[in-house]
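What follows is a group of structures, each given as structure tokens.
Below, chain A partners chain B and then partners chain C, in two separate complexes.
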Partner chain A sequence: MTAAPTASGGNSRLGTAVRAARRLVFYPAAALALPTLSAGVGLAVMLVVVAALGFPPGVVAPAFIGAVMGDAERLSATLLLACPLMIIGTGLALSFRCGVWNIGADGQYLVGALAGAATAPYVGGWPSAAALGACLLAGVAAGGLWAAVAALLQYSRGVPDVLATILLNFVAIQVLSIVVRGPLADPLSADRDTTAAIPAAAEIPLLYGPGGLHAGIALAVFLAAMLSVFLSRTTWGLRTRIVGLNPIAARFARIPVAAYACGAFVASGAMGGLAGAVEVCGNTHYLTGAYSAGYGYTAIAVALLAGLRPLGVIPAALFFAALESGSRGMQKMPQAGLQDFPTVLTFAAQGVVLLVSVLAARRALERREAA
Partner chain B sequence: MSETTAGAVVFSILWRGVQSSVPLLLAANGELVGQRAGLLNIGIEGAMLSGACAAAIMGWWTGSAFLGVVGGAAAGTVVGAVFACWTVIARRDQIVAGLGLNLLALGLTGVAVQHADAWAASRGVRVLPPPLAGSGGVDWLLPTSLGMIALTHLLLGRSRIGLALRAVGENPAAAEAAGVRVLVVRTAAALFASMMAGLGGAYLSLEIASGFQEQMTAGRGFLALSLVIFGRWSAPGVLAAALFFGCLDSVQVALQPALGRHVHVLYPALLALPYVLALAALAGLAGRVRPPAALAVPYDGA
Partner chain C sequence: MLALRGITKRFGPLTALDAVDADFVPGEIHAVLGENGAGKTTLMNILYGLMRADAGRIELDGRPLRIRRPADARAAGMGMVHQHFMLVERMSVAENLALSDVGTGFWTTPAAAAQRTEQAARRVGLEVDPGRIVEDLSAGQRQRVEILKALMRDVTTLILDEPTAVLTPGETAALFDALRRQRGSGGRIVFISHKLAEVTSLADRVTVLRRGRVVYTGPAAALSAAELAERMMGGRETKSDVAVPGAGRPQAASPNPGAVGGGDGAAPGAAVLELERVSTDVGHPRLEHVSLRVHRGEIVGVAGVDGNGQAELARVALGLIGAASGRIHWHRRDKVDALAGARPAHIADDRQREALVLPMTVAENAVLKDLGRRPFSRFGWLNRRAITSHADALMREYDIRAASLGVAVATLSGGTQQRLVVARELAGRPALLVAVNPTRGLDAAASAFVHGRLREHGHSAGVLLISADLDELLALADRVAVLYSGRLTPLSNVPRPLRNTERVERVMVQIGRLMAGLPPSEETE
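Showing the complex of A and B:
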């Protein structure tokens, strides 16, 4: 009983050393242990299934690593996939930290992409920075508005956030389909299921031409860093976290709980919309009727693997992007038998990561118990 | 068009509507029981998908539609068991666990069906659906689903089990004090809910689509989830909502040829309609109905 305070809080040199060791070694290690465990179990499950399907692990593993980062072009492909995951995941980290269950990032991403592609033809003659800015802002606004619908339903009508956002995802898929086949349809395309390419002025500048890697990845890292500063260094960020941890205490502290929750809701939707616009302006340059690749759902796994820490979103997004890019890249590998590698397995890995991280995290992710 | 053919068309649309409502009704029936016990299981979509996949594969392997249905129910129950372990026993967040199960089911069913196809091709067997066509069908699930919802209505309102279930969903601590074993009741409810979703999936792949495709549930599980709120957490309400959305589904299919030149724009609008209606109804209902008080709240024990 008497030793404990001396070791942890006393003035002795030993106490200082113990505290320093705890701050420098134990806390970071503890913070890394959980995501490492989750990611490891996800990978292991994927490997076991792949081996059970009859793919020799000795061939698959090196080919997979080669597909993720074998050369500059494969690495670019991986980073291209990480970009939307990172932007959406950063937004979701914010909303989950505030106790808002925005499951609708996929829909917000789609309407953002749609808004970006719809704006591009009108700004083709503008200087390129202005044209690009207009497209990205349109995406931000569309995603924010799409989330605002769910926020409005929750805070004025009491519709649970989870349900409102999930249902809006399915509406967004069809809205995209209507606009792509209707007003935005490329008259030259035979099946009327794609839009024309956006004008060059609205394209995001490339960082590495041969791989098609655009500057969106830098924006994604910057946004994650900004959110980290916002949450840990600003009053608004502190209040956001308090609302997420204990809305009742927040109310007693005279924090406008609904305003913060709505703000986080709309901001995360805006990030989803931004990711969609970045994808259109940077990567695909046109829309198709079936544009959703499930990034909005994968990004939930990204945010939770990151332990809802904004800076953790960066490696978490890279991890899931590597899984996806490795699976997709297998088809291009020269070794025989890898062409029918099941890319859909990455969803299973995402599910496992979600299940393991929520099981292992004791308190951090617990939902507000009474709002 | 003579009157008899018009009547026949309307009848066939209605009949197909009733058929389309069966998977929704089965899944929503399960979810109703789960939610009354305080479990908000969005993994119902994954349970339905697993049920559909397992039913198609089992039915095709054994050549028996009945064993297919058993397989579907079993797969759903397995998903429910994982959900129960995570949310009831380990008391983790229900939303995250449900999302994880959905993704896991999406991945594993995708792999399973690809693998089954490859296996069949290597032995010169025809791909999944046709062997099921001759196996007698599973139309008996339709009366079963109606019987189940009636039974659920009686049990929820008129039995000790139903009372215990509702008590667990409203105030688990009080229920525990009154001698109800909360964890047992919630585990049973989770298993039942996912088993019913698995049955719904089995009807989908064996009767409606005669075969399994990746992501074939296409949000029906989430729709079933909102049917429970729609039906105001009551069995007759859920039945009415399921029938309504089933008919909406068949009207969509029937209208498709009539859309003509604008089909590429109007058909997606029809596909979005159930979700828009669900949102509108939730917004209209909210405030006038109250969910179970302990919905989605983990029970930490006495």
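Showing the complex of A and C:
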């Protein structure tokens, strides 16, 4: 080995310290640069559009921030939106890192919510922890199975993952609607399009009562952290990344590629299902026939903005949740002239953020390959 | 006359083309022959404007020709038929031709397109059905459409890149008839190939490329297929980047010098790999009844042109594909140490695809295949310290020049990447090493390093060296067989020392004939 390029490569304590410091400072900074840029450009475009529509940015910006986190209730609402995005986004980061393009998180989320709501009436008499655990596990199992269908289609019949998962989304929407109007329908509801409320034993404990903020957000952060540890510290995690980056080399290294891909597929589906059950048990407490809020799709944007880094999913989910809750809350803000504020701008901003992050990631990738 | 003068192209430290001259004469079929990676496609891409040369010029009838993009090449009367067809699958033959036909105006009718197609087909003498959908056509028919597409414009130079790679023998014969007709009408035909039989049967003139240099150019009839094979694979000219053959290798390894066939008697140690009449049902071509034994302390060479079962044989030897019939056996009793034996080591020619994960770090790549083993992991948890210190030791021992263990492998040069692969694969001193064109794409220094390590490893372990480079095989291997069209010839001992040119010549001629798919000469020792 040559001495010159490895000033930090020796065994000296100084070298170790320098490396540790670099990892702490440099690496997260580089990792944060792209997402921050994307988010910034997205927000800037949103402001320009808003200004063009005749809303002065000087009024809009503070109102927006107020709508996102002006008081504890608003902050709770934002965090409630972030919770499913974070859980689903973590699962998607796992599957995308393994090279599996699971676009069906929305369907997996719906069947998870359905399973949670369907389980709840049977476990109402159980101790709270057991009842909640049963509902969440039902959601995990349902989401995992739903993704397993797509995995099976891909690995036994060659149906591309993107196609199989996205088509299963539509099936899930119909299944949910049929079950909610049929077997699970609340007989007391006028339009028979909602289920009865789940028993109290199956509810997730609240962190902040007035805002309805439940402990699911803590679970979401915990899961993202767990995935980060999994990917960086375990053999399975490293192999998952190898399979995602170069499946051919993985085969030559005797890694069972299909098994890892299927595992990531099912695990990401299970996360989607968990998010659905958490939403039912923590937030809404009942199901409606049209339950999809598009979290499964927004979570794709979350995972991509996070650069597929599990810890990046946390701020990315918060960012998209803030966009959404800010736009929703704008019309209710006290500042003058915001009654007609167009909520749909959120989608435009989401799109811009996504485009910029994808483009920037591509540029970074190309530069890396060119080097 | 279309002439290339001093065409040079470098990719980083690698010289892909080194002052290449070639003359393409009207009314002649000119074959450009060479191994994969010899620079054929690069040369044609430069001629057709898909790439730019670093130096050199192109002349047409004595006047300089500036070709900066394919449109310039087309304006100069060139047409190219790519190896991979560029057709719209869902459209009919006539529609595909109309797409590229300058004669098609803005308004056209299916009938008009069909008529133009038929006219062109008749003129050129290629039979196509204008109404057929391309999707439904065989490879040979598609290629006819491609050629027609090129010839519909007034093409004076037709370039075909490995045109027979996807064709059946019958389709190949039909293609050759069409090309001969085209030659009769005064066109230049440039034909890229690595198949010797085709070149000898079709070409008037041949240019042989080897490692980016022209090693022969002249009438095709002047050389036999075997002589062409020798030129293509090297061996005639002494090359500086191959270390002195046989150096440091005990002559006792060949107690039966000069023997042809069999080879078991020459076993220097216990067998580490045995293939007995192995046939596969996957791959193209499939292996047919391949028998082979690799012993400890020897390097067994498999010569041959890529695409004759080389990749399949490597995968079989590595245990990645099973035998449809026959028997594969790895002997692992005598493990050298904890890492050895469990898996055969593999040095790939396409290291970026098969051996490395480019965006991952040097350290991660260094333990890619040993993640599940202690000390690199325990109960599924990675031991980063052990991984780092192992990678660090490899970097020192194999002189891998990376800025740190934490940089992505993608940032390393090709030679450094291959050093890393060699280091990783040989670190556990595996009983069996499978090396496939281990120096392809490497510069002289990196090649010498790889050869040195292979030779050293061959002292104690068994090495299966599958290579298209005859110099490499003669310099390293104790015994050589030829893999042609999925069949392996019996092994011959490589005469030592290599300076005995007469005996070397004889072996070379034989190997050359076998690689060209000809029977070995009657005269054997």
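What to note about this one:
Note that the second predicted complex is superposed on the first by the 334 of 371 C-alpha atoms of A that agree within 3 Å, B and C clash if a C-alpha of one lies under 4 Å from a C-alpha of the other, contacts with A are read in each partner's own complex, and residues count from 1 in each chain.
What we mean here is this: a residue touches a chain if its C-beta (ideal position, glycine included) is under 8 Å from a C-beta of that chain, and two chains touch if they have at least 3 such contacts.
This one's a predicted model, so the numbers in the text were calculated from it and none came from an experiment.
In the superposition on chain A, contact of A:Trp101 is made with chain B only, not with chain C. Shared-chain residue A:Val175: touches chain B; no touch with chain C. Legend: residue contacts after superposition of the two complexes on their common chain; A:Tyr155 is shown touching neither chain B nor chain C.
Counting the residues of chain A that each partner touches, chain B and chain C differ, and the larger count belongs to B. In the superposed model, A:Arg251 makes contact with chain C only, not with chain B. When the shared chain is aligned, chain B comes close enough to touch A:Gly351, but chain C does not. Once the two complexes are laid over each other on the shared chain, residue contacts for A:Thr234 go to chain C alone; chain B is not touched. Look at A:Leu359: by the touch rule set out above, it reaches chain B but stays clear of chain C.
Across the two superposed structures, the residue set of chain A contacted by chain B and also by chain C is 369. Against chain B, in their complex, chain A makes its touches with residues 49, 53, 101, 103, 153, 157-160, 162-164, 166-168, 170-171, 173-175, 177-178, 181-182, 192, 297, 300-301, 304, 340, 342, 344-355, 358-359, 365-367, 369-370. Chain contact summary for the complex, chain B toward chain A: residues 40, 42, 82, 86, 90, 92-97, 99-108, 110-111, 114-115, 118, 214, 219, 222, 225-226, 229, 264-265, 268-269, 271-272, 275-276, 278-279, 282-284, 286-287, 296-298. The residues of chain C lying in touch with chain A in their complex are 318, 320, 343, 346, 348, 353-360, 364, 368-369, 371-372, 377, 380-382, 384, 392, 395-396, 399-406, 408, 410-411.
On chain A, the positions that touch chain C within their shared complex are 1-2, 5-6, 8-9, 19, 233-236, 238-239, 241-242, 245-246, 248-254, 368-369, 371.
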